[in-house]
Amino acid sequence: MIKVGIVGASGYAGMVLTQILLEHPEVEIVWLMATENSGGKSVADLYPHLTGVADFIYLTMDEYDNVYQKVDLIFLALPHGAAMDFVPKAIAAGKKVIDLGADYRFNDNEVFKKWYGLSHADEKYIKQAIFGLPELYREKIKGANLVGNPGCYPTASILAIAPLIKNNLIDPDSIIVDAKSGISGAGRAATHKTHFCERNDGIEAYSVVNHRHMGEIEYQVSRIAGNPIHVTFVPHLVPMDRGILVTIYAKGKQMADGKQLTALFKEFYKGEKFIRIFEDKLPNTKYVAGTNYCDIAVQVNEATGQIIVLSAIDNLVKGAAGQAVQNMNIMFALPEETALKKAAIYP
Amino acid sequence: MIKVGIVGASGYAGMVLTQILLEHPEVEIVWLMATENSGGKSVADLYPHLTGVADFIYLTMDEYDNVYQKVDLIFLALPHGAAMDFVPKAIAAGKKVIDLGADYRFNDNEVFKKWYGLSHADEKYIKQAIFGLPELYREKIKGANLVGNPGCYPTASILAIAPLIKNNLIDPDSIIVDAKSGISGAGRAATHKTHFCERNDGIEAYSVVNHRHMGEIEYQVSRIAGNPIHVTFVPHLVPMDRGILVTIYAKGKQMADGKQLTALFKEFYKGEKFIRIFEDKLPNTKYVAGTNYCDIAVQVNEATGQIIVLSAIDNLVKGAAGQAVQNMNIMFALPEETALKKAAIYP
Amino acid sequence: MIKVGIVGASGYAGMVLTQILLEHPEVEIVWLMATENSGGKSVADLYPHLTGVADFIYLTMDEYDNVYQKVDLIFLALPHGAAMDFVPKAIAAGKKVIDLGADYRFNDNEVFKKWYGLSHADEKYIKQAIFGLPELYREKIKGANLVGNPGCYPTASILAIAPLIKNNLIDPDSIIVDAKSGISGAGRAATHKTHFCERNDGIEAYSVVNHRHMGEIEYQVSRIAGNPIHVTFVPHLVPMDRGILVTIYAKGKQMADGKQLTALFKEFYKGEKFIRIFEDKLPNTKYVAGTNYCDIAVQVNEATGQIIVLSAIDNLVKGAAGQAVQNMNIMFALPEETALKKAAIYP
Amino acid sequence: MIKVGIVGASGYAGMVLTQILLEHPEVEIVWLMATENSGGKSVADLYPHLTGVADFIYLTMDEYDNVYQKVDLIFLALPHGAAMDFVPKAIAAGKKVIDLGADYRFNDNEVFKKWYGLSHADEKYIKQAIFGLPELYREKIKGANLVGNPGCYPTASILAIAPLIKNNLIDPDSIIVDAKSGISGAGRAATHKTHFCERNDGIEAYSVVNHRHMGEIEYQVSRIAGNPIHVTFVPHLVPMDRGILVTIYAKGKQMADGKQLTALFKEFYKGEKFIRIFEDKLPNTKYVAGTNYCDIAVQVNEATGQIIVLSAIDNLVKGAAGQAVQNMNIMFALPEETALKKAAIYP
């Protein structure tokens, strides 16, 4: 049994992670730690749907020093800037760490600083962290001690863009990511932006030219391309609980039709358990809600030469907790689908 | 392995049933049969979320005679009046049957006729059918060949009312069931009533004095009470996919407070895996969506003497497919939770 | 032109009131005053849909003393306990006042204290305030200086109950109000309860035995009946922006069918511009959203003798701002429909 | 008084048009004609929210010949291919016509045939029809007898693109329109695509490379540019009743920042009553729901040089019925805002 602890277990991503791990046959959750004022409360207090399912009291953050040594693996699901205070100690003590936040997604403090507006406190391990996108970096994840779990928008986007870049099919400067997210992406905190009446029955864009995930997508796409790429990224808030749909536009370098590209995507992701390439239907966030799937379809507007890739994930599963468990499974040499093999609850 | 077939597998209840059975370690789905024009199509054609998960082509209804003998157990998920044509043959051949429709919920043709407006074609087996509410009739279900699976509203309602009747705590003539349902309860067929724009962002009642499930609730509650009871039942359509919340009002015979009644409900359902009695929180359909739970809370308005019971289920799981599998587990002496042990996807 | 000011103009009710008054041909808005930290901001800052429509900067609450004399009529839309500090001064100066909050809905400090947990600071005017439900108290409103505008649930409920009580048709002790509200009823403040993901795609009850509006309904229904009545009232939160649907159950004293009662309701509300009695369809909150209508239907469950009244309003219009303007129109001898004659935006 | 009749009055666009015209002080609705099986029914039968507001019985389509001469102006709100059978007769008789469908949006039968798959039956008047986008073609509309009212997606898109093209600011071959629509855009007919459970709580794209409105946008944008332009257009279905948000991407020809472009848009639409250029906030479909506004914001991603324009309308108002009334007002020399001056019902 892998002994795990979760720092930041009381947010949405931490809760989903808790729930997946409870069904994992090889995992024992040793402790859950809550942010802010949820320490001391029970899981069922915060999340009544887990009544009778999860029987834990959240620890407070100041208990970290007493408990981090009791586990083999620590997950962190914290706002950016917070994980960097917890990680070095755990790594130094030989623990494995998967950070669901932004702190270890860049191996370069300058880039981190540019997008997050603060200097990284952990210059050492930031360089060693592995970007936890298994479909692209499985081999590196196998031996990793520290995994930076990708953001939700970047997961859906990079999986959709990678086959095009790797096959040199598009003008890399032409990439546009029009992203649509459910409201759970904004987290559990009550804000004006998450008020039901502000979100219900309407749609709007936000952070049109400066969303932090644009930096993450650019950084990772550049890495795949081998040279710096700028990406246009515009996120929107859709009245739904879960799910991200990204519609990606990129100028094709040569003529290719949708069928050819679909075949190419199928080949690229051959054997991947969590990637479904759709041929004659289109991704819908409902088809992946609650699952670790990324559903992808690709079409070509032949008049304009634009390649259009549609990619849907559940932001809290493949975009956060599910992918974290997928990474854990790889790090601990377990079958990659363990605890993640489920289809959506539909409708 | 239990070999099963599903007649009416292409509707919402049939699909959810398919999905649960695919995860059941002791079940082999031998065939799926679709209503209407879905025969010949694949599961993933109708339900893209099952792409790569369910690899079946729906049979057409006229193939029934060729296949009913190939299985141990037949599930039927059909509109009322349709199952009665399929069941006798199967029972006569020694098969077990669980009917998710209304045809075998009454043991009395007269009552059936009153509420469904047609005479039952199967006078024989209607009398033998067991009402498949395990928390009340587990022993009878164990030996049953034919189970009439309860309706969705009746499941939520009867589980909430039974402890009060059995303990003689209420005036049985005073029962009022104010029910709120998600739209999947109306089925997959596209109608004006299920049009998104008619349902979104609003609420309305329907069938205020003559909903068929009122007949089912009355029939079953009368049976529990041992004498005929009339119930007031008003259903409403709520803009949500899944879930039923019933708010039940009944005049208390003697003074009892909410705490006492809560304790009584806990005692009544002691050991039940799928009943959760809430003490300091209230049921929400989101807490049970996708699960076989029935969450119940009870409170008392001390000024009026009204006992108020709140009961929430997922109409497609505990109110249909999940309960059918629970019944199957009982009929085949399997652990009752097999394939049903999951918490809600939240939020 | 009637000169008006609004205290608490930045909340949802205050904003809707602002919008209605801007379209009122006989009203000049002289000032808008915001609660909390919205003072100094523009209307369009808080409510971008009013860009180019409402050109005001909200005053802060401490400016009240400088401005209350500049108007003929003051509307207050504040949390309970706040209006009582502003009203006496205005009345004493000969101004007219309509309070959309709870402070002036009871003429009895003891009752107020019981339900609101604080003693009323304005013992004088609380006794003179007129309950602003025009369909019942039009004549008194005509001469009023101080109107306590009814709460949203009470408006929908009392209008549905009054014809039954006044005609002595029901057992007054049997009244049950099962209420369903949209989320704007919880106000504009961001709380866990108003978080999109907590409310979307689910339903739950709240304040099952102690909602403050139960007190208001009891107080007013008792007044109509001429003796004290207790009412069972259970509110629910429905995933929709606006609207209240109440489903009212009451035991009929004598046999009457739905047709007869419908005729009686039509007679009772003859000539009322904002009451629509439905005969062959049922109220839906969507039919009244954005309007001052109260749609009512009545049916009888003949087996149980329960009379069922369905009543739908927009909580922010007939349940708050619209009714306030209706009261103003009456107080100033204007046609009652002025600025209120509009049908719903549908779908 | 302008006497008008509406052919296709029973669909969503026809109903909204009816409602706006009922509030128009210079219009008398002489008759309403329904498609399909709604003839003979009353408006309130189909649309209960108009109970007591609209007192009409829908005529059937075969009564057209008896009534088209009785009015000054005929509105048609029909599926494509249907209006062409009604229009010639009316124009020949000296009536004015505004067609809300697609039949008269192109002046070229070849283009119509390409996108709609059928040859136009009215070769004569198709060439004379004026494209009813007042902000661009007001002068032509003034003298028009036959107006082809723009589609919903094209309205939002062309208004957002025109200032860029006219000022020669973008590479015209780079235009991408990522569009998000509410479900009322699919019409009132009940289909699998409009089923609540298929649309609620999820998002998906449709007609990714061949939506007919792409043809309309291309045709009109080419006309503005003076040479043929191809546009990439991908529509999505969002769980909301009303509204379209288009996010438009175009490669800037020269460096310009968001502020400069915003100023340019303000100048371009100076004096326009229904265009609101947002500076420091972003369009949201909720801000325009029920109104004739088109809200626009423009930003620049300086790293990629992409200009991003966000444009929101109500698909049934500015995207259909409201714009039709705006055109009527222009054709009849009435103030353009007549019957259209209203802000959104929010929230």
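Letters A, B, C and D mark the chains as written, and numbering starts fresh at 1 in each.
Just so we're on the same page, contacts are C-beta pairs under 8 Å (C-beta built on N, C-alpha and C of every residue); 3 or more make two chains touch, one makes a residue touch a chain.
All of these numbers come straight from a predicted model, not from anything done at the bench.
Residue-numbered contact pairs of A-D overlap by over half with those of B-C, the repeat interface among B-C, A-C or A-B. With centres defined by CA atoms alone, the chain at the far end from subunit A is C.
A separation of 39 Å divides the Cα centre of subunit B from that of subunit C. Centre-to-centre separation between subunit C and subunit D, using Cα means, comes to 37 Å. For the pair subunit B and subunit D, the distance between mean C-alpha positions equals 46 Å. Contacts with at least two other chains are made by residues 12, 184, 197-198, 200-201, 239-242, 284, 286-287, 289, 347 of subunit A.
Residues 12, 15, 19, 23, 47-54, 184, 200-201, 241-242, 276, 278, 281, 284, 286-290, 295, 342-347 of subunit B touch subunit A in their complex. Contact residues of subunit C toward subunit A in the complex are 12, 183-184, 188, 190-192, 194-201, 239-241. Every residue of subunit B that touches subunit C in the complex is listed here, in rising order: 173, 176, 178, 180, 182, 197-198, 200-206, 208-209, 230-232, 234, 236, 238-243, 245, 247, 249, 258, 282-287, 289, 299-304, 306, 308, 310, 312, 347.
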